[in-house]
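Only one structure is covered here, and it is reproduced in the block below.
For reference, chains read A, B, C, D and E in written order, and residue numbers begin at 1 within each chain.
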Amino acid sequence: MSTLALGVDNLQSWYGESHILHGVNFSVSDGEVVTLLGRNGAGRSTILKTILGLTSKRTGSILVYGKETIGMPTYQIAHLGIGYCPEERGIFASLSTEENLLLPPQIAKGGMSLDEIYEMFPNLYERRSSPGTRLSGGEQQMLAMARILRTGARLLLLDEITEGLAPVIVEKLGEVVSKLRVRGYTIVLVEQNFKFAAQLADRHYVVEGGLIVEVVERVELGAKADVLNGYLGV
Amino acid sequence: ADQPPLKIGFITDMSGLYADIDGQGGLEAMKMAVADFGGSVLGRKIEIISADHQNKAEIAASKAREWIDQDGVSVIFGGTNSGTALATSKVAAEKKRIYINNGAGTSALTNEQCTPYTIHYTYDTIALANGSANGMLDKGYKNWYFLTADYAFGYALEKDASNVVIAGGGKVLGNVKHPLNASDFSSYLLQAQSSKAQVLGLANAGGDTINSVKAANEFGITKTMKLAGLLVFISDVHAIGPKNAQGLLATTAWYWDQNDQSRKFAARFFEKMRRMPGMVQAGDYSSTMTYLNAVKAAGTDDSDKVMAQLRKTKINDMFTKNGYIRKDGTMVHDMYLYEVKAPADVKSPWDYYKLVSTLPGEKAFTIPPDSKCALLNK
Amino acid sequence: MKLLKNLLLIILIGAAIVAPLYAYPIFLMKILCFALFAAAFNLLLGYTGLLSFGHAAFFGGAGYCVGYLMRDAGFGPAGGIICGVLFAATLGALVGGLAIRRQGIYFSMITLALAQMFYFICLQIPLSGGEDGFQGIPRGELFGLLNLQSDLNLYYLVLLIVLGGFFFINRVISSPFGQILKAIKENEPRAISLGYKVNLFKFLAFVLSASIAGLAGGTQAIVFGFETLSDVHWTMSGLVILMTLLGGVGTMLGPLVGATVIVLLEHKVGELGSYLTQLTGVAWFNSLGESVTIVTGFIFIICVMSFRRGLVGVFIKKN
Amino acid sequence: MQETILKTIGLGKTFKGFSAVTDVNLEVARGSIHTLIGPNGAGKTTCFNLLTKFLEPSSGQILFNGIDITREAPAEIARRGVIRSFQISAIFPNLTVLENVRIALQRNLGTELHFWKSGRSLERLNSRAMGFLEEVGLADFANEDAVSLAYGRKRALEIATTLAMEPELMLLDEPTQGMGHEDVERVTELIKRVAKGRTILMVEHNMKVVASIADTITVLQRGEVLAEGSYGEVSRNPLVMEAYMGSHRGEAL
Amino acid sequence: MLLSQLLLGLVNGSFYAILSLGLAVIFGLLNVINFSHGAMFMLGAIVTWMGGQYFGINYWAMLILAPLTVGLVGIIIERLFLKHLYHLDHLYGLLLTFGLTLFIEGILRSIYGASGLSYSAPELLSGATDLGFMVLPNYRAWVVFSSLIVCFATWYVIEKTSLGAYLRAGTENPKLVQAFGVNFPLMTTLTYGFGVALAAFSGVLAAPIIQISPLMGSNLIIIVFAVVVIGGMGSIMGSILTGLGLGLIEGLTKVFYPQASNTVVFVIMVIVLLFRPAGLFGREK
């Protein structure tokens, strides 16, 4: 068996007083791509945020490349090799596009170079000196994705990256993710776009009400189509 | 039987800009007076209640009102800040209670806004202007230029002083106004310097005076002009430091090192406060004593009777010799013009002044024909 | 809930009516005037989302205006106050007209700057009496009938004015106009896209708030019988912000609570100190009287750190 | 009544030398659902901002019902009946759902500046507001604070509020963005329903939605019009396929 | 005459510049409106005085030590209080620092009184240089010189290094910056300490020329706020240039209409904001 990149055990999480996650369990091996599927408000984004310690309180266990991180401050967790692309994109208005791109510090070797990134997203190259939030919605999405590819992170947490993108770009992103997968990145995708996810992932977790209610392996997709349909209304 | 205590209210700036001039030290001086008096009068224990008016007139006035209405104070002592003093004086007059002020400068208290119950004890702007201007003229400094704080108080100081200068045959070559609490005076001083006057009259107070004297030294203005402070307290000189302050002329009603009595008082005060008393604090002591003596002599704390008693008694103590309280409420007493010594002559801390001249009280304070106070001229 | 609110209201008004029997009326009037001032400010901050840093100009400006009219122009209290309010409204229209187009901190700063200019004028013109203050404002008689020389008569007049002011503010907040204000505060671009000229609304809210601040200031000038520069100084604008935040922004009662606490602090810390000394025997407490600023500072730190929603806000949350 | 409700002539916008919208001539037919599509950064949102005057055009003219509105202020344009929604959901979070809709209705009452009137005078709008809420399926949430609604419902609320303005022309910027499949379907249905008797101009990336409701599609690329026509026409256009739809002709992967 | 007044204006301008720079750094990077900046300026001066009075440390050493000490105070304040307020409206930071100011000023006033303490310029700088049109005290020249150096060094670090980029990004979304692996809490603490140390530095510079008193900062703070706003909140270069520029304008006002020299700043502020809603150098949102 390959090594475990991420192991989540009985994870509970809160925003202030509201209890959102009620004991989530899942694990991702090195080099795997998994998706978290579910309805709006199911708690998928919250799982990613909790892994990074961005909610107000959390309990349980989260192993990142074998290290327990439940008590660690956020910035140390990141240094274990995590790259995070948040759903609200988090582009910085006071930085130019290029500064945004260069912002996340290098946490390991092996990240992509700036040229590689611009080649992948030519729009960004064109707009590199304009303020980050002056980009169009879709360009911001590309930027959010692109900037974590530079850092050398091996475990990518991607939240709704196809949101608001033109079909061509979605297609391109699909290629990017496949490429990353080939390069050995481990990826956790939160997706609304099931067709996009289905192509890429080794395994799908269905989240509902702050719990994982169903696991579907790639090979079972056909067999469990009805179940998925029930949960997601696909 | 158990007599109710005689309450004295004391309201002043305890925490703001003027707190060093009066404040806590003033309260301490009054407590010393009460203790020296014996702690009780007419068989009643003497109690001082005090408050910080934070330089807000409405706090001063409503405190005074409350003390009179609710606590039954017999007399109110008031400290620095003209606005608070005028407001309190109004309240006291309305309620027919004696008000003795020791820290406010405005001569309006005993002039256009005088009341039968208000006594202005230590000094007013007229006395200070008279003291400085007369003293300088006597020494032959005739040409003046004024550095004036841009508000009513600064104007009053300047006007009073220039009247004296002109009356005494001198000339006023000009003035420059600066905003209140300006931090930098260099450019005003350069303007003053180019006037080629002999004397620079500082018609400002507190931090403004301190900063102007400091800058005057830095720019070498003191080499060509004499600086005459129109309202300088010893605490200001202390803050400027003798090195910068030397040669500065200042009028005061009292200086701790003027005679044995004053030195004795100052030594006791220093024990308690770790700093030397200024004229206002000495005035607090003296006026408290004077008031208590009057109560004792009158045999009552009834305002009218005590006021009558106060008016007919000469004041002779460590603060002044042969001072008396005029109908308009002015306590008439001698004023002194001092010059700050050179650092080499300063023998101990707080040893700052050498006497230049003495101005008799009759000449120092507003002379009756000039007064707009109805009480004085009827 | 509604019942509880009405009950609370009745208790409060009842308490206000009997209060002068137990507490010093002038002191109570001061609290009332400041409460109204804070409520006026709160109308702007709490319900429109505009932080004005220049409200002292309206408060003190109306005070000077009322003072002048009553002392030197022979106006009665009613006429004086009405003109004072009009004066504040005009000043508010001027300041608001200039400031309203700016956002956030820039808005606050323009109001501050204009108020500082007004302060400068007050400092300069001889009429204001400079730092000696504008003294000797008569209380007069209300409509030639009610003699206001009596503290009690004046108290009930002030109570009436302040209650009226509070009622008016409450009315404004719940009015159709108030609804739009709330909407603007919540999401300005959306309100624009629905066809509302938001600047007009903000402007009107600003003028209303300035007028009520003027009402409070004018009334206060009559209560004390003088008006001084400290009422138009920026620290007064700061003070009213503190009162509002301390009591709870965007609550009806907050300004009242905030004003009470601050006025109590200004007046009673010394007494509290001596009381604590008697109680505990620790002589240090006696010096509290000279340390109003220290105590005030301390209380703000505590409030910001632990009662962020203001005293009233915390109470509401608990229920 | 003109056939064309909205017309732009040579509309353009440059940002510090970068031309985001260039020479766009748009004609929106009354009563139609007209969709703007195009790659990211093509200038769709900018177009919307120009039409509603949230941005000042650098060049060109905007005609609404034949009247030149190029120089009018945003609120005036809204008053003419051109109402937009935002790409990022725009509601009044701390008002109740009902109040949100009422804010829109209030304008017709003409009492919006009446600060002396009782709040009760607004209650007669409640039934109409409920009507709009029912139309978008939010009637059950009328008294909840809008902030607590789920994402899809917030969008529905926004549409209800927009409808309450009785707009002649509705501008919707990516109304289904970020929604789950069920919500997407619900909102698509909703748009179809409310389009009756109105004109809708919308931006949308979801080709399924576009295919099912758009009467006319304009494709923008780099600020310029690339193609125009029905879904069938546009989706077969090789230029559009290359620039936007990709090899799958826009069918989500 | 005019030239000398302008030169003097520049001296004041450098005080404004360095104070408003500190404010701008703190506001721009922490989103805190640091009302206690004036108090920190005052602390800088008082600590300098204390160093000389109690420990016999000279001016030059205090030039380093005072900012360090006050910076440390700032760090403590940040850790204890401000840290908990970042997620709130910036009103709360303002309120807290306002309370702190009252507290600090009150305490120092009760120890040292209000009228002030005296401090002299170091021997090395005590002379004056005759420039022909005026005699400029050497100390004033030193003030301008050292302020400018500190200002531009700060500007460089913040605008041109990646450290500055972290800080700017962190202002907008601190959580995300941490999620990228930046120890942002530490950075904010140090930033606040640094901003406050800048104030203290100008306090040291001011100690020999203006009255050292617990209330010395409170008169200045409002003007400095105005400078920051005119320059554009949070704009580093804006606050430096505006500080210097306003010093000059104020200098001119002192010649032509001296009473108004405190008010002219506000007049300028109103005019500027009417035409440039986000200040001279601010970015409009």
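Keep this in mind: contacts are C-beta pairs under 8 Å (C-beta built on N, C-alpha and C of every residue); 3 or more make two chains touch, one makes a residue touch a chain.
Going by UniProt, the chains are A = Amino acid/amide ABC transporter ATP-binding protein 2, HAAT family; C = Amino acid/amide ABC transporter membrane protein 2, HAAT family; D = Amino acid/amide ABC transporter ATP-binding protein 1, HAAT family; E = Amino acid/amide ABC transporter membrane protein 1, HAAT family.
Note that the structure is a prediction, hence the values are computed from the model and not measured.
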| item | value |
| --- | --- |
| Separate pieces, if any, that appear once subunit D is removed in thought | one piece |
| Intersection of contact partners for subunit B and subunit D | C |
| Farthest chain (mean CA position) relative to subunit C | A |
| Between subunit C and subunit A, distance of the C-alpha-averaged centres to the nearest whole Å | 52 |
| Distance between the centres, which are taken as Cα means, of subunit D and subunit A, whole angstrom | 30 |
| Inter-chain centre distance, subunit A versus subunit E - centres from mean C-alpha coordinates, in Å | 43 |
| Cα-centroid distance, subunit A relative to subunit B, in whole angstrom | 75 |
| Overlap residues in subunit B, where contacts from two or more other chains coincide | 15, 19, 150, 180 |
| Per-residue overlap in subunit C, given as positions that touch at least 2 other chains | 124, 290-291, 293 |
| Pairs of chains in contact (touch as defined earlier), listed by label | A-D, A-E, B-C, B-E, C-D, C-E |
| Subunit E-touching residues of subunit A, taken from the complex the two chains share | 52, 54, 73-76, 78-79, 82, 84, 86, 90, 92-95, 99-100, 102-105, 107, 131, 148, 151 |
| Residue ranges of subunit D touching subunit A (in the complex, touch as defined) | 15-16, 18, 37-46, 87, 150-152, 174, 177-183, 185, 205, 207, 242-248, 250-253 |
| For the subunit B and subunit C complex, residues of the former touching the latter | 14-15, 19, 23-24, 50-52, 54-59, 61-63, 65-66, 69-70, 82-83, 86-87, 90, 106, 108, 113, 150-153, 155, 180 |
| Subunit B contact footprint on subunit C (complex, rising order) | 24, 26-27, 30, 123-124, 126, 129-133, 135-136, 220, 224-226, 228-231, 266-267, 270, 289-293 |
| Residues of subunit C touching subunit D in the complex | 171-172, 174-180, 182-183, 186-187, 189-198, 200-201, 204, 208 |
